Every structure is written in C-alpha cells, then in structure tokens.
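There are structures below to look over.
Both complexes shown next keep chain A, but they swap its partner, so chain B is in the first and chain C is in the second.
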Partner chain A sequence: MLTVENLTVQFPGRFGTFTAIEDVSLTIERGEIHGLVGESGAGKSTIGAAIIGLLQPPGFVSNGSIHLGDTDLLILGDDEAHQTRGKRISMIFQDPQTSLNPLMTIEDQLIETIQTHEDISTEDARSRAISLLEETGIENASQRIKAYPHQFSGGMRQRVVIALALCTNPELIIADEPTTALDVAVQSQVLDLIRGLANTRGIGFLLITHDIGVIAQTCQNVTVLRGGQVMEHGPTQQVLNAPEHPYTQSLMAAVPRLDVKLDRFLVPDTEEGVETAPIGRSAEDAERWLRSGDEMLGQGLSMEGVTVKFTGARDSLFRKPEVFVALDDVSMTIRPGTVMGLVGESGSGKSTMAKVLTGLVQPTAGTLKLNDSTLPLARQRGRKDPSRRVIQMVFQDPYSSLNSRHRIGDILAEPLWLYGLENDRAKRRDLAAAMLDLVGLSADAINRYPHQFSGGQRQRIAVARSLLARPRVLICDEPTSALDVSIQAQVLNLLKDLQARFSLTILFISHNLAVVRQMSDDITVLKSGKVVEAGPSEAFFNDPQADYSQELLSLTPNYVGQKGVASQTLVTEV
Partner chain B sequence: MAYFILKRLFQSIFVMLAVAFLAFSLFRFVGDPVSQMTGVETSVQDQEQLREELGLNDPFVVQFYRFTTDILKGDFGYSYRTRQPVNEMIASRIPATIELGITALMISLIVGIPAGVYTALRTRGFATQTILLTTLVGVSIPTFVIGIVLIFLFGVTLGWMPTFGRGGTVDLGGWTTSFLTLEGWSYLILPAITLGVYQLTLTMRLVRAEMMEVMRSDYIRFATARGIPQRKLHYRHALGNTMIPVITIIGLQFGGVIAFSIVTESVFQWPGMGLLFLESVRFVDIPVMGVYLVVIAFFFVLVNLVVDILYLMIDPRLRVKEAI
Partner chain C sequence: MMSRFFQSDGVYYFLRTPSAIVAAIIVVIIVGGAIFAPWIAQSNPYDLASFSLMDGLLPPVWQGGDPRFLLGTDNQGRDMVSSILYGARLSLFIGFMSMAIATVLGVGLGLAAGYYGGRFDAIVMRIADVQLALPAILTALLIDGISRGLLPPSVQQDLRVVVLIIAIALSLWVNFARTARASVFVERNKDYVQAAMIMGQRPSRVMLRHILPNIMGPLLVIMTVDLASAILLEATLSFLGIGLPADSPSLGTLIRIGMQFQLSGEWWILWVPTIVLAALVVSINILGDFLRDIFNPRLR
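Right, the complex of A and B next:
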C-alpha cells in the first residue's frame, strides 16, 4: 500500500548540505504495523515527516519516490497534498499533553476534522465521533466528548489523539513514539488498541520508536536505521532474535534484559569511545581522594514511616484546599554499599522520596537514618549539615542539570569549595581532571562548556560532579532515561563500576524494570505513595508477590523470549 | 470562578489602600500647603487658623483615616488652586482621557493584531520586513515628536485637522463625548494616533512572537497533519492560544495609556486628566495630585480585573478544573 523507494532527504545549510536520510526503501501493506527503530539522530521522524509531506524547511526530498496506493505523494501540489493529510494519511504524536488544542473541546476538534474531509452534517459527525471515542476505549463518550483536553489523563488523551487520527478513515497512520510519554500499563493498552485497529480496519501503521520492546510486541516487520541509512530490515522476529547486521546485533545486546541479570551491559561500539573507567595515573589520584576522608565507605540509609502531604490549590472560599498524599507511611532500608532499585508509575512518589532523602521536601511524619544516626528532616537540616555532602544526587536530564554558562572545570570544582574540601584552586583543578579521568573522559574537557558534549558524556560529568563531594550515598533519579540504549549501557556500566569500587550506597530510581534488574541488589515497588512490595531484587523478578508487581512485570515489553523464541543468539562481547 | 474573582477583589482592596497611603503621604510630607495657599502678608495667627480648619494639626493616623473615609464617601476635598471640589474637576476631565485612551487602544488593536498575525505567517515577505522596519522607527521616536510631526503635517500644512483642544462634544448627562460628531472625531484622532503608536508596535510584535511560537507547537502540527484548512488553522486554532499572554500585556499597557497620557495631552492641549495633573503640579495643588494618583490606581485595578475575567473566558483550563 505504501511504497517508499530510495528516499533521500537533504537539509541544505550554510556549511554544506546535510543528508538526513539516504536511500531508504520500505513498504507497508494493509493492516501491517511496520516498526522503524533507531537511536536519536537516526532519521526516524524525518522519514515520517517526508511521507506526510511536513518536512521542516529547508529540508526536501532530493531523490526517490513515495507512493500511497497509486498516488505519487511527491508530485502532488500543495493543496492536493494538504487534502491527503488526514484523509489518507494521519499521524499520532509523542506527547498527548501537547498535541491537542487546549482551548477547544474534544467534540469541536473531532467534528472539525471530520467535516473538513467529508460533506456531512454536524449531527452525523458528532455521532461518528462518539462511536470512535468508544472504539478507542473511552467510556461514557457521549458525555466526555464535551470535555476539554486538560480534563483527560495522559493515556486517555492519547486515545483521543488516536480517535482524531482515525476519524477520517485513513489508510496509513504514522505513529511517532506514541507511547514514550506513557506508563507501562497505559502503554500496553494503547499498543493493544493500535494492534486491534490494524486487524479490524486494515489500517497500515508506521510505528516509530526507540523502544525495542514495543517493536517486539506490536510489529510484523521492522526497519533498523542508523545515521539515516537502513541497517537491516525484515520480519520482527528474525531481526530481533537473529540480527545479521553487526549494528543491529550490538543494538540488541545493549537493550537491558528483563529475564536475567548480567554482570555488565554489553556495549555496542559507538563513537562515544571509552567504555570502562581507565585506571590511569590521575584516575588513581581521584580514587585515593575518594577513599580518604573521615567517613567510612559504605553507609546505610533508611527511612521509616515517612508521610508527605502536598496542599492543592484552593478553589473555593468555603472548602478546604485538597490535600494530596504523595507518600503514605513509607519505610525503606538501603543496606550499606548496595543498590536499591525504586520502581513505580509516574506520580507514584518516586521522586518525592528522593527529595525527602536529600532534604528538599519536608515530610509531615517519619524519621530518616544515615547509618545509625538520625538524619535531620528538610527544615531541620542546615545548609552546613555534613549529610548534605554525604548524600549526592544525579539527575535525569543531563542537558538541564549542568549550567551551560560554566566551564566543566568550574562545574566540577564547585562541590570542592562549597563543602570546604579543598581550598587550593590549583589542587581543585587537578582533582577535577583526575575525576574526569575516572569517569572515562579526557582531562582536557575541563576547559570546555557543557554544550560541547553529548548526552552520555554530560551524564558522566554529572556523575563526576556528584563524586567530587566525596559522597557515600548517591541518589540517581532516572539517570539514563534521556539517553539512547547504547549510551545508557555505557553510563550504567560506569555507575556499576564506581559502586563496586567505592562501595557506594545507591538509590536507583527508574520506571524501566529491565534497567532496574540489571542495577539493583534490592528493590522497592511504589504505587500511589505506598510501598507495594520490597525485597531482594532477583527474588522479586523471579517470583513477584504482590498483584501489582506481577501486573507491572507482565506489561513490560520484553523482546527476548517473545513468542516462544528462546533467548539465544545474544552476541557475546562486541 | 466566583471565588477567583472574589479573591482578586479582596487583593485589590489592599492595593487601593497602599496607593491611598502613598497619595496621602504626598499631602503630608511634600511641603506645607498653607505656605503655598497664603501670601507673605498673611499673619501667623491666620495661617495657624487655616491649618486648624484644614485639620493639618491632627495626628497622622487621624488625618489618614479622614482622607480614606472621605474618598469612600466620594468627597475628594477642595483644590488649593481653584477652590473647586476636586471630584467635580476630575469628573469633568475623566471623559476626555478615557475616550482618548480607548480610541488609542482600539487603533492599536485593530491595526496591531492583524499586522502581528500577518507578519507571523509570512515571516520573510517584503511587506513583513517593511512593517517591522516602520514600526521600529515609530517606536524609537518619542511620543511628543510624533505628536508635533502629526500637528505639522495634518494641522498646519494640510489644514485638515484642528491642532489643539477638544471640540464638537456632546453632553450626555455629565459625560461629554467626542464620539458623536464628526468634529469631535477630528479633534480626537491625532492625539489618539500619537498615543496609540507605541501600543500598536508592542501589540504587533507580541502577537507576532506568540503566534510564531504557537505555530510551532505540537497541536498545530497535529492539526496540519489532519488536513485542517489553513484559514481555520490560523484563526481558530492558533489565534486563541496566541491571545492568552498578549491580553496581559495589553491590559497592563492600557492602564499605562490612561496614566501616562500626560505627554500627549500636553502636546495637543487635550483637556484630560493628564493636563489637569500637569497644571496641578505647577501650582503644588496637592489634593488634586493625591486624588489623581488614587483614581489612576483604581483604573489599573479595574483593568487587571477585566483581564482576569477575560482569561477565564478564553482559557477553559482556568474555568473548568474537574475531570468529567
């Protein structure tokens, strides 16, 4: 139905022409879900934009052809192309929070779209809209259709988006990371919906994603992209389980496995270079420095009966503002020198827990302990309190957690003077350089700015910064969820190495169960601010006890062992 | 929603009290009004008697209480300069300033919003560049120069418009309006343009920046991908979202137009509050200056309240919170 042949997309720029897509061919049949997978910058979204004709200027198709049925999409005039949009090709975007017009009701947006492409009365359009919403799984659709987008939850909004994409009966839907912003439970519902629509209505889907698990669950065929070129394509099972191309092999190897814990992540060979922390001369300095200090290595951290309440906005003079309980009587113990994995859906209170431990949020009840001594709560914990230094944090987004106007050297020296660890400027610089060496970056990074580094390198810098405070406890809040799988594997390996070498105590927060399995010794599962299950990690993954844990595990996409194919052919060290 | 408006009204009371306090402090600390009102030959006893009659010997708190309660009763005191009640003086000047302000605002909106939309949609066109450049020139020239140029061009050289004052007004029971006669308009239009030029530029640039931002948003891209026609895309989907931040600035600016029409009013000798204020400053007519401050603050509070209500009307996220 859709045939893309030898597609090449170029972006002319001041410094020459950049070829985003080179010689890409793919076909999608009726009712087929075709996966398009690759790391960031591979050109996945550009292919989608080229098909629907919405390439960002100055990008243009310089070669190749795109046919939908008998129509050549590239020779259509502007008006004809615009009529094709919605009518024959539709699109689903990544973030359901931003892809609906906040000022119009769902009804208005649906009816407008239907009437744009069909000469149909408003009444008929409305009844079709309602039945579509019901088809996409929105209950009580005839009433909810009057609502505005902000009145729906994230998963519901994505259903509305899908209904909008469907309402004109298109032949092809391009889904650009449709479930990336959603929790696993909602993700699996949305993927079910997409599969169902492909089967019953015969709509072809181009599913763009970086998540191999999603591909394994949904797609019949898959195309692997890298740097705008097709690395490998074919039936999903074959590509995922018996990849032929070395890149695909290494990519598959880097995907964290849910079914078994490996000592280290297999790291595909990428431009990012250094894989392990080298033990060079200056790395030794950093190591010696980290081991010095009064505190012993390996400190335990625990919280007992912690409750956090937030007050909502007051919306009436006569009603009390609603109180939102973010954490409800939560207890957790991290053994000295181990990694505690913390998992849960968004809104379950994971980050609030991190903030309680770092003293950023004041709990209404509960106690904290660092080793055996009581750790003061946020308001009682002074700025000079030694625990502020002992407990350090690594944030999720390395693009916003480093000050872009400071040089790396200054960023790294900050904890040294802030905590009064090293008063000599030259020595601070030496230590910063040594620490860069320890996290696998070259020491000349010290004079550069954050924007000169890639995401993975930045996260290494963030780790180096937290280590320079000479911490005994690290709190990592989704440290790799902004990174590609291969980079993720490298950063996680680094964290594992550092943890083992310095017996760091780590609280590892993630929504990705596979990553957590690889990283943690113990695990705590949170749901709506309550601990659902806690215990040793391996026991949990092999035999989860609570219903919620079982559900969470069963919903997590897992490509190895899918459809009875045994976990084999995993390449050894690349 | 009612709670929201009530809360705003409640806050406004404090704003008004603070301004009343400032205005009153003017009375009290800016200088001795008695020495302004009397000549050198007035005896010390007479001066003291006048001071007693005006209540200037009472404690500060008592005077402030009297000042605020008088204002609440609508009694603004007497001008030191003309011996008229201040409320009559203000009342006779308010229509002129408000009509001038509203006309300037309308000019800036009627020209500014479409121009902003146009320049946002055609970012590179020749017309866009011309509009951007001319408005840049317009905003760089001080208001009084624009006024003088307009007077010279349309008043003196071409002789189409009167150059000063306010004429052709119709009295509608205490409110004199220029809107009803052609002659009234001929007096109004030049000062209104002068006052509106800066607003116009600001509105246009703001609308342009916001609109370009909105056009890049996901919901516009999604609507484009659904094949929604261009016209609906621009005016139904994009414009509403554009206006949300624009309204705040326009509201604040309108308060400013009313308050700072002083320069324009003095260039055109427009008999509004600004001119009254200038005259009062010249004669240290403290009661008038104080009341002027309070009235202007009241305008600001009022405009902000209107802006808040407009927000509620445009943005359903503020209006309906509950999920259905």
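Right, the complex of A and C next:
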C-alpha cells in the first residue's frame, strides 16, 4: 500500500548539505504495523515527515519516490498534497498535551476535521464523531464529547488524538512516539487500541519509536535505522531475536533485560567512543583523591514516616486551598553501600522523595536519618550543613542540569571551591581534569561548553561534578531516561563501576523496571505517594507480592521472553 | 578570538539581513558623530563666539544656502549640523544613562522577586504596576517639582540632566523587572539551578552567577528597545519644555525650537532634527528586532 523507494532527504545548511535520510526503502501493507526504530538523530521522524509532506524547510527530498497506492506523493501539487495528507494519511504525535487545541471542545475539533474533508451535515458529523470516540474506547462518548482536552487524562487524550486521526478514514497512520509520554499501564492500552485498529479497519501504521519493547509488542515488521540509513529490516521476531547486522545485535544487547540481572551491559560500538587522551592527570589521581576522603565507609540513608502536602492555589479568600498529598507516611531505609531502586508511575511521588532527601522540599511530617544521626529537614538544613556535601544528586535531563553559560572546568571546580575541598585554583583544575578521565572523557574537555557534548557525555560530566564533592550518597533521579539505549548502557555501567569501587550509597529512581533490576540491590515501589512494596530486588522481580507490583511487571514490555504478544499479532496478520 | 567572532551565528545572520546592516550603519554614523562632536563639528552651539547672527536662517546648500552650512542655520546663525551632533550627544547620553539605571534596578528587583517569590515578589510587582499606571511625563514632572522644591536654584540648572535621567529610568525599569522575573521563574526550576541550591550556594551567587547569564538574551533585546524608548521619552519631555532648556539643546529641544519656524518657510530647522531622531529610533528598534531573532532560533 505504501511504498517508499530509495528515499533521500537533505537539509542544505550553513556548513554544507546534511543528508538526514539516505537511500531508505520500506513498504507497508494494509493492516500492517511497521516499526521504525533507531536512536535519536537516526532520522525516524524525518521519514514520517517526508511521507506526510511536512518536512521542515529547508529540508527536501532529493532522491527516491513515495507511493501511496497508485498515487505518487512527491509530484502532487500543494492543494492535492493537502487533500491527500488529510484524507488518506493521518498522524499521531508524541505529546497528547500539545496535539489538541486546549481552547476547543473535543466535539468541535472532531466535527471540524470531519467537515473539512467531507461535505456532510453537522449532525451527521457529530454522530460519526461519537462513534469514533466509542471505537477508540472512550466510555459515555456522547457526554464526554462536550469536554475540553484538559478534562481528559493523558491516556484518554491520546485516544482522542487517535479518534481525530481516524476522522477521515485514512489508509495510513504515522504514529510518532505515540506512547513515549505515557505510563506503562496506559501505554499498553494505547498499543492494544492501535493493534485493534490495524486488524479491524485494515489501516497501515508506521510506528516510530525508540523503545524496542513497544516494537516487540505491536509490530509485524521492523526497520532499524542508524544515521539515516537502514541497518536491517524484516519480521519483528527475526530482527529482535536473531539480528544479523552487528549494529542491531549490539543495540539489542544494550536493552536492559527485565528477566535477568546482568553484571554489566554490553556496550554497542557507537561514534560516542570513550575518549582517553588525558593531559597530565589521569583517573588514578582522581581515584586516589576520592579515596583520601576521611569517611570512606558507606553511609546509610533512611526516611521515617515522611508526609509531604502541597497546598494548591487559593481560589477564594474565605476557603482554604485544596491540599494535595504527594507523599503519605513513607518510610524507606537504604543500607550503607547499596543501591535502592525506587519505581513508580509518573505522579507517584518519586521525585518528591528525592527533593525531600536533598532538602528542596519541606515535609509536613517525618524524620530523615543519615548514618544514625538525624538529617535536618529542608528549612532547618543550613547552607553549611555537612550533609550538603555528603549527599549529591544526578538529574534526569543532562541538557538542563549543567549551566550552559559556564565552561566544563568551572562547573566541575564549583563543588571543590564551595565545600573548601581544594583551595588552590590550579589544583582544582587538575582534579577536574582527572575526574573527567575517571568518568571516561578526555581531560581537555574542561575548556569547552556543555553544548559541545552529547547527552551521554553531559551525563558523565554531571556524574563527575557530583563525585567532586566527595559524596557518600548519590541520588539519581531518572539519570538515563533522556538517553538512547546504547548511551544508557554506558552511563549505567559507569554508575555501577563507581558504586562498587567507592562503596557509594545510591538511590536510583526510575520508571523503567528493567533498568532498575539491573541496578539495584533493594527496591521500593511507590504508588500515589504510598509505599506498595519494599524488599530485596531479586526477590521482588521473581515473586512480586502486591497486586500493583504484579500488574506493573506484567505490563512492562520485554522483548526477550515476551509472553506471546508479538507472535499473537503475527498470527492475526491481515 | 577575532576569527571566532566573525564565524559566529550572529555575524553570519547579520550579514544576511539587509535591514539590520542599514540600521547598524545609521546608528554608527549618528552615535559616532555624537561621541566625536567636539572634534568634528565646525562650531559649538553652546559657545556664543563660534557663530554669528549674520548667518541666521540660511537654507540647506541644495536650496541655495551657504556652502559652509550643509544643512543651513537657525535664526541665531547656529550651524544645523553642529546643533544636531551636540543635540544627539545629549540625547544619547541621557538615553544610555537612564537605560543603564533602569537595567540595574529592574533586573536586580526582577531577579530577587522571581527567585524568592512570595511576599517580596508581590510587593515588588505591585509597585511595578503602580509605576506603569503613571505616565512617564507625570513621573518626570513629579521629580522635577520635588527637585525644584528641595534644591537651591543655582544647582537646579546643572541638575536638569540628572532629573531627566532619573525620571526616564523610573518609567522604564518595570519592563526589565517583569522580563527578568518571568525568565527566572522558568530558569529557577531547571536542574542546574536546583543543583546549585542543593549544594548550598548563597542565593546571591545562584542569582548572579547561575541564573543571570542564562536570561541575558531577552534582557539584551529589551535594553536596545528601551534605549530607543528612553531617547524618545527624553525628546518628548524636552519638546514639552520639562526637559532640557534652550541653551543646552537635545534633539527634543531642537524640535521644539524648530516648531516656531514650521509655517514661515524655514522648514529645515524643524525637519532636520526630527528626521535624525526618527532615523535613530527606528534603527535602534530594527537592531533590537534583529537581536530578538538571533536569541530565538525558532523565529528564524
């Protein structure tokens, strides 16, 4: 149905022409879900944009052809292309928050879309809209259709977006990371819906994602991209379980496994090779310096009965504002020198826990303990409190956690200066350079700015910064969820190494159960601000006790040992 | 170092934006002329000995005037070119000074308001609201009146410039405070600021060393746009007679003087300073727009 042949897309720019897509071919049949997988910058979204005709200028198709049925999409005029785009191809975007107009009701948006492409009465359009909403699994659709987008939850909103894409009864839907912004439970519902639509309506889907698990769950065929080129393509089962291309093999090896804990990740060979060209100072200097700290023993961290309440905005002078309970009587003990994994869906209070421990949020009740001595709560914790140095944090987004206006050397020297660990300016620079070597970066990076580094390299810099405070406890809030799998594997390996070598205590926060399994000794599961289950990690993964934990585990996509989901879809292929 | 400057995005896009190039040339000519006025002007309009009443009301050269006076003379025999250079000098000085004071005051208060939030924020922002409700002219009149009441008459003449600068700065700082505050609200929740706070850095250091460099983009744009507003405000006040007196003319004062001759045929006394003022303000605004585009890649 859709045939893309030898597609090449180029972006002319100031420093020469950049070829985003090179010689890509793929076909999608009726009712087929075709996965397009690759790391960031691989050109996945560019292919989608080229098919639907929404390439960002100055990008253009320099070679190849795109056919939908018998229509050549590339030779269409503007008006025809616009018609085709709406009527025969639809698109689902990543973020359901921004792909709906917040000022229009669902009804208005659906009816508007239907009437744009078809000359039918508003009444007919409305009944079509309601039946579409019902088809996408929205209950009580005739009532709910009057609502505004913000009155739906994230998953419901993505259903509405899908209904919107179905309005014109398209032949092909391009879904660009449709579940990346959603929690696992909601993700699996949305993927079910997509599978159902492919089966019942015979719509072809191009599913763009970076998540191998999602591919395994939904797609019949998959194309693996890297640097704008097709590395491998074929039936999902074959590509995922018996990859032929070395890149695909290493990519699969880097995906954290949910079913078994491995000591180290196999790191695929990427351009982001670990540079080692130290200038004078080397990792040994940094290691010696780290070990010369007075208290090398692991330090335990615990919280007891912590409750955090946030007051909402005051909407009336005479009524008290509503109170939101972010954490409800939470207790947790991290043993010295171990890794505690903290899992939960978005909004479960994971990050709030990190903020309580680092002293950014004042709990309403509860106590904290660092190695048997009381750790002051946020407002009582002075700027000079020793725990400020002992507890360090690694943030999720390496793009915002480093000040983009400072040089790497200055960023790294800051903790040394602030905590008075090293008073000599030149020695601070030396130590910063040595620490860069320890985390696997070239020491000459100290003269550069953060934007000159990739995400994974920045995360290494962030880790180096926290190490330069000579910490005993690291709080890692989703440290790899903004990174590609291969980079994620490298950063996780680094954290594991450091943890083992310096017996650090780590609180590892993640929504990804597979990553947590690889990292942690113990585990705490959080739901709506309450601890659902806590205990040793391996015991949890082998035999989860709480209903919620079991549900969470069963919903997490897993490409190996997949419980027949992928094969099931293969059977029902149209 | 220099080669890096010439390869930067700013220079690259500048050389591809004709309007910005023209605007920059105009600004450089006027600002350069103003700075070097004492050396390039043929006469000093403040010095009675350097001009003669005999040369009064000569038209520009292309209308058959004296070749010594390119743009003609006014009724006192002062060379228009010299008057404009000296006038622009005063206008630009007042504009720059009031913009600088407004920047320091506004950014300082905005940073602190955004960082601390709560009651301090509410108080600063309500003061800003009140300030916005008062027209600049009213503020200038108020300060002018207070200074007249408090200061002895001998000092008053000398302090007219200071009074003007303070009055203009007071009506401009709100822009800076609001922009800085809004930007701080965004930056404050970014991880690098949180990291600095977790480390236990002093609030002043977090604000000045971490947040400020990251919000400079929008502030630079406001600085250029507000420089133009400050120059216009000064011209307005001087035109209305609240600003500078006739013996130390800024562009605004020159325009006021020129008004008298508008209908009697000596058009150049009014129009030449007016065109210079308009060209200056428009050019600065175009440069401000260009800067905004540079700092916001999405508009490119």
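Throughout what follows, the second predicted complex is superposed on the first by the 550 of 574 C-alpha atoms of A that agree within 3 Å, B and C clash if a C-alpha of one lies under 4 Å from a C-alpha of the other, contacts with A are read in each partner's own complex, and residues count from 1 in each chain.
What we mean here is this: contacts are C-beta pairs under 8 Å (C-beta built on N, C-alpha and C of every residue); 3 or more make two chains touch, one makes a residue touch a chain.
These numbers come from a predicted model, not from an experiment.
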First (chain B), second (chain C), both or neither touched by A:Arg388: second
Contacts of A:Met104 with chain B and chain C, given as first, second, both or neither: first
Which superposed partner A:Asn403 touches (first chain B, second chain C, both, neither): second
Chain A residues touched by each partner, larger count belonging to chain B or chain C: B
First (chain B), second (chain C), both or neither touched by A:Arg144: first
Which of chain B and chain C A:Thr218 touches, first, second, both or neither: neither
Touched partner set for A:Thr236, first chain B, second chain C, both or neither: neither
Chain A-touching residues of chain B, taken from the complex the two chains share: 3-4, 6-7, 217-219, 221-230, 232, 236-237, 240-241, 314-317, 320-324
Complex interface listing, chain A residues touching chain B: 52, 54, 82-87, 89-91, 93, 95, 98-105, 109, 112-113, 116-117, 143-144, 146-148, 150-153, 161, 164-165, 168, 314-317
Chain A partner contacts - residues on chain C that touch it in the complex: 12, 190-192, 194-202, 210, 213-214
Chain C-touching residues of chain A, taken from the complex the two chains share: 14, 358-360, 382-385, 388, 391-393, 395-397, 400-406, 414-415, 418-419, 465, 469
